[in-house]
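The structures come next, written out as structure tokens.
Two complexes are shown next, each including subunit A; its partner changes from subunit B in the first to subunit C in the second.
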Partner chain A sequence: MPGPSLVRVSSTPVPQGRSTRLDSYVDRYAARTQGMTASEIRALFSVASRPEVVSLAGGMPNITGLPLDVVSQSLTELVAQRGTVAMQYASAQGDPVLREQITEVMRLEGINAHPDDVCVTVGSQQAVDLVTRIFCDPGDVVLCEAPSYVGALGVFRAYQCDVVHVAMDDDGLVPEALRQAIAAVQASGRRIKFLYTIPNFHNPAGVSLAAARRAEILDICAEADLLVLEDNPYGLLGFEGEPYRALRADESERVVYLGSFSKTFAPGFRVGWVLAPHAVREKLVLAQESATLCPPTFSQLAVSSYLADHDWKGQVKQFREMYRERRDAMLAALQDQMPPGTTWTRPAGGFYVWVTLPEGIDAKAMLPRAVTARVAYVPGTAFYADGFGSSCMRLSYCYPTPERITEGVRRLGGVIDAEMDLRRTFGGPLPRGERGYDGPQSDLT
Partner chain B sequence: MPGPSLVRVSSTPVPQGRSTRLDSYVDRYAARTQGMTASEIRALFSVASRPEVVSLAGGMPNITGLPLDVVSQSLTELVAQRGTVAMQYASAQGDPVLREQITEVMRLEGINAHPDDVCVTVGSQQAVDLVTRIFCDPGDVVLCEAPSYVGALGVFRAYQCDVVHVAMDDDGLVPEALRQAIAAVQASGRRIKFLYTIPNFHNPAGVSLAAARRAEILDICAEADLLVLEDNPYGLLGFEGEPYRALRADESERVVYLGSFSKTFAPGFRVGWVLAPHAVREKLVLAQESATLCPPTFSQLAVSSYLADHDWKGQVKQFREMYRERRDAMLAALQDQMPPGTTWTRPAGGFYVWVTLPEGIDAKAMLPRAVTARVAYVPGTAFYADGFGSSCMRLSYCYPTPERITEGVRRLGGVIDAEMDLRRTFGGPLPRGERGYDGPQSDLT
Partner chain C sequence: MSHSVTGRVVVLAGGLSHERDVSLKSGRRVSEALRAAGLEVEESDVDAHLLDALRADPPACVVPLVHGEAGEDGSIREVLEMLDLPYVGSTPGACRLAFDKPVAKQVLASAGISTPRSVALPHEMFRELGASTVIELLVSTIGLPLVVKPARGGSALGVSVVRDVADLPGAMVGCFAYGSVALVEQFVSGHEVAVGVVDTGEGPTALPAVGISPRSGVYDYAARYTAGETEFHTPADLAPEVASDVARVAVTAHESLGLRHLSRSDLIVDADGTVWFLEVNVAPGMTETSSVPLAIEASDWDLAGLCAALVGLAVRPDRA
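Up next is the complex of A and B:
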């Protein structure tokens, strides 16, 4: 069982083996590399992956429900019938049949697209990377929701963009806040390259952009002549009714749309995509050639075969039901366990709940104590480029079972209670570690 | 059969469907994107892929000899035993077992490495991308052989590096030329970030760095305090004796080594790797997280299973014999068919022969005429960042059968003869297309 030494891991930054050796290459790195630093709480996350800890931190989908026999049969046929094609180089844009299938997936969200405008990527993470690569010079501004996806913030940092956050509420991005952010950036003389937004089942905020706001957001972007990068990995994982209509469904020239099979099938193949206006798609293909020559052929054909051979929509329906049950378990447990003054979002799909703690409680400073109590989460500051979010945390319900979620939230409630007691006893904010990049590098923990 | 219209495709750039539509996004792209332009001879290469054309242009390995039954069995077991692991996210650094196996592969070239210093990449193309990403600011100089690998030049261009070429001869990179290049760049006040070199069975030059030169090259780089990026995709595909000793075998802190399974197994999994000094490896993992979250788990475990379940070294031996036979066919045909004044390299491994044409013949201007005669190659200018190489071409013997190679070189000989006749009749250099980027984007055609 974790002992008190865990607390020390993060409250005082300690040497992490070889990683703190003097880096004799430090003068050689590119300017962009100076921003690539490992999270100071990374050591803590490796502890959090121990089985006795309930991790409400990670964003890994639960794929235990996948029909392995179908996948296996599908791969056997793929190798027998097209093995030397599947194992060979292919086009940088991606397999034509898969791109056709991708347009059918997007049709479920109202998108009418041509396969020629789809570019397959190594997960939609690479899609964020390639879009940023072709559009952003150092110092360019990217507008992001507040909070925003940690992996996208990492890309924007790697390309030396300035992230400006735009407020959300329970109905997603706030149009008036977007107008104000655009005006403020323009007044400062900087250039906005695009709005990065996750309209559906937001990671980490757990909210969705209200239908009534969608046209307004597009109008604001049109007026300011901004591109929109619509990131939609969870769109088909809604718990109520039909999938929401994509922004891209109503605006094809201004919206660059990102999709992924990581949550509707499996992440290990790393197959995502970009749907972009034709000229942009051409640049993306050139960027992909430079980045990888081509996305993995075998992965693409494996996904394509799975989509063709299996009732994948039925599988997604099962995923939805499984995640809904977990969402319900988490919301019920939060209702039972959270002290007064704590608030949280109520996601209608996806993987995440965003919790705001009672005033004065610092989620990052509390994390080592939570891990000692065998529960983990991601502190809110990870999802901001500007140090905000210290009183917030992201809780994931995607991976643990409902029973574990209930137990995890129970433990978390105890930790917050103890934190409030301490605060009442000693007053003022509790001590926390050094400021700096607060999050994991990605959602994988 | 291709008619005269083919000639027009490249001698006069013609509209290529939608690609020449006015790009309304052009003002929004990053500065780096301005250099990402499609090859003007790309249209020609799509013609060159017709079956009646013998393509000596592409760099695709011939994987028809792979044991598909072994691969299939291996994948069936993988899915049955570790399916949900293989289809899940994993570490950005790559699978630990695969990294251990990679160290065993590198041991064949004298490298003694720790798996912790290996970072798995999406093919070694992504390795070039990530290394350049962490080291190179715009304007930094990268030293490359003259000629150099087209895919690496594309990466350096995408990161806005200045490429300075260093002369080679039949024994590879010329030490004195390296000394001079370093001095010249330093005198100009610019900073060299690394020497990018392919010591073994060079693409495109078909030569290898002589054993006697290897220590000298390392000494020169040590003296100038330069890193070396050693790209070695063909190292195990030598036709004579044991694999050459890697530069990395004798220098672990200055050499960043790139390897790949694309030529020893299959490219469609896109599994390559970087072996780097520990501090650099840490930056590469952070860059990989930003680029893709993690390289494809399924691909990695597929390669790992193949290596474990199969006599992969025996398979590589078969590949070597197959490629040697094709090399022999190409050298014999060149001997028979090339007019006086033509010279070429004699590769001891790998995929490529570098041909220098008689004076005054421009390989790029001649390409449409060659395609009309149903043979294709890559003009030498593709392998230079500075417009040189116009009298040269790269011929690949990896993919066509020996009979097709013989026929292709026969056709090529006829085209060169005709070109020389024309030149004798009209004098002066023959007309060629617009200057600009001359090559394919990659080796896939």
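Up next is the complex of A and C:
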């Protein structure tokens, strides 16, 4: 090795020391942006986008089966025949024809609604935002299932809500746990603004609220004078029989219902909706005006044309069959590959399986090993506001082919085996969680 | 000095390592700098199409900015050597030495540089000998607090500071998720300093040292890659003789490991003014929150000029 030579230092005269935090606005951000920092976990998802990696993390619907020729023709006609309308500002509440069509969609789940009570939103994600905006002050409590949708938790965090999780089991939200949570929050002197729930084919848990529990949940909320925010993006993607009856079908005054075309048609249009009691709807329209002036007219008319001109129900049936095949592949692979002590849910629709790992395994700490093995998932902690979920993970079967799902679960089995070996060696406490904003990017939600 | 460059420069960024995201940011920034210097630049990921593309239309020069495994262990550079393509940065053999932290520390210790006491062990050693016994031995050898980090890797991924022995098993598990060998190192309290070294053909020169003060107290992933989370002082607030020392250590690291063109040494200056070598990087981060670009801007170079000069040097017939 060569020895150290005469040291040369940059010839510029030593400048006056400069200090920088590389962000001139660092002391001006709102309190709600605290914690919005880079995170190792989000960085690892960057690798998951590479084709070598089997990503069981993403929640992107698989829209390769869409009739693009039909959509193309429909869009061409839209521009040719109604272009100046489609590219113009419009009503904040949304296109009247589309709202009428939305009521037809909701009828499939037992909801009788008037188009006047529907507000079109930029995906149902914006509906969560608008509802939270009009109801919640900082410190207000929102009840959510445990676990809950990461995108909704992000909204509640942005409005500085205090999320209280309520236990679920294989039949969805547990009524007694809901009673206890309400009592505990009330005893603490805090105010609950609403219960946020995904009754059908839950993201991320993969379970559905049992029919026998639905009335009981509504009764509990009525007793506590509690609003219910029913988020139902997967309701028409059930694999068995008729769609489940919506909570809103049996309670019109206490339930605000959220729907979406992201899974039944395509997410790129960003069209969802909220169905709300009259007074709430009025507030939502005003909130929508200040948020966006109006939801995208072009997207609304595109969705409206698709619904009018195409056998969209037939397309949804095709989607269901595709997702069922993928669900079956994932459940079979889990049965083959998971070590003893691992449990998982068996979804009857939707996109997700929720896996609980053998005791002592931390899914977040294990993710780098999984990425090295070219498989990705979302660690369970992303779906809790309170740090729980470390022993769980969400697996998505919506996007990869059945063959890739099988291969991905095979790789995951090896990763878990290696992690268990490590745990057996070290035992002891789990690694502490890192700081940072761990929610996955939009294509993973 | 630099050689004029004709033809396109390929900036390699991304790859499949845990630092893919950081690498893409580094690649983007260096590409912009090279374009600002008037060069034709193509950004490329490292994937199954890369070799065919490089062979079909060989670039004038390659700038490998893939971080982590493959990017910094010399592998990609071995391939570039086989393709006989000029590239910026250190040779494969030098990368292998530098990327392996225990090896680099040993080389620097042999050159008379202080480096924290450390032990490098694979997971298997804990399993075969019994973790509790090995941990007990580690703590008695290294002392507390200590630092656990992957022997190979960057961006503070898998790194933990352990102050209580009860936290050590968890730290080991977190570390082994990133790699098969852990470096357990004495924790040295002091001023964290990063020192870039450039060699544009006239010998390695230390850039102004950058002092690092993370708001949380720990220069972890969030502190590294979130603007506002860390305060950087350029040049670092050091006494003149200590400033000379950190420059000397960084240049010694560059030379004794046989590095080329550009490196960054991460150092700690303790309360006595002793400079401790932690590690050296052959593809230092060039993101918007990385220290080397700050050091370059505080020197008599700017980022565009220096990147272009290094490309010019790489394409020189003798590949200095």
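Keep this in mind: the second predicted complex is superposed on the first by the 402 of 445 C-alpha atoms of A that agree within 3 Å, B and C clash if a C-alpha of one lies under 4 Å from a C-alpha of the other, contacts with A are read in each partner's own complex, and residues count from 1 in each chain.
Heads up, the rule we're going with is that a residue touches a chain if its C-beta (ideal position, glycine included) is under 8 Å from a C-beta of that chain, and two chains touch if they have at least 3 such contacts.
Keep in mind that this is a model prediction, so the values were computed, not measured.
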For A:87, is the partner it touches subunit B (first), subunit C (second), both, or none of the two (neither)? first
Which partner does A:23 reach: the first (subunit B), the second (subunit C), both, or neither? both
Looking at A:371 after the superposition, I want to know if it touches subunit B, subunit C, both of them or none. Which is it: first, second, both, neither? second
On the A-aligned overlay, A:425 touches which partner chain: subunit B = first, subunit C = second, or both, or neither? second
Pick one for A:317: touches subunit B only (first), subunit C only (second), both, or neither. neither
Quick one: is A:52 in contact with subunit B, with subunit C, with both, or with neither? Answer first, second, both or neither. second
After lining up the shared chain so the two structures overlap, which partner does A:107 touch, if you call subunit B first and subunit C second: first, second, both or neither? neither
Classify the contacts of A:44 with the two partner chains as first (subunit B alone), second (subunit C alone), both, or neither. second
Count the residues of subunit A touched by subunit B and by subunit C, then name the partner with the higher count. B
Taking the stated contact definition, name every residue in subunit A that is touched by subunit B in one complex and by subunit C in the other, in rising order. 18-19, 21, 23, 25-26, 37-38
For the complex, which residues does subunit B have touching subunit A? 18-19, 21, 23-26, 28-33, 36-38, 60-61, 63-64, 66, 68, 71-72, 75-76, 79-80, 83-92, 122-123, 125-126, 129, 133-137, 140, 151, 154-155, 157-158, 193, 227, 253, 262, 266-270, 277-280, 282-283, 286-287, 289-299, 302, 441-444
The residues of subunit C that touch subunit A in their complex are 16-22, 24, 47, 107, 110-112, 123, 126-127, 131, 157-158, 160, 166-174, 176-178, 202-208, 215-216, 220-222, 224-237, 243-244, 247-248, 251-252, 255-258, 288-289, 294, 298-301
For subunit A, which residues count as touching subunit C in their complex? 1-5, 7-12, 14-15, 17-23, 25-26, 37-40, 42-44, 46-47, 50-53, 362, 365-369, 371-372, 374, 419, 421-432, 434-436
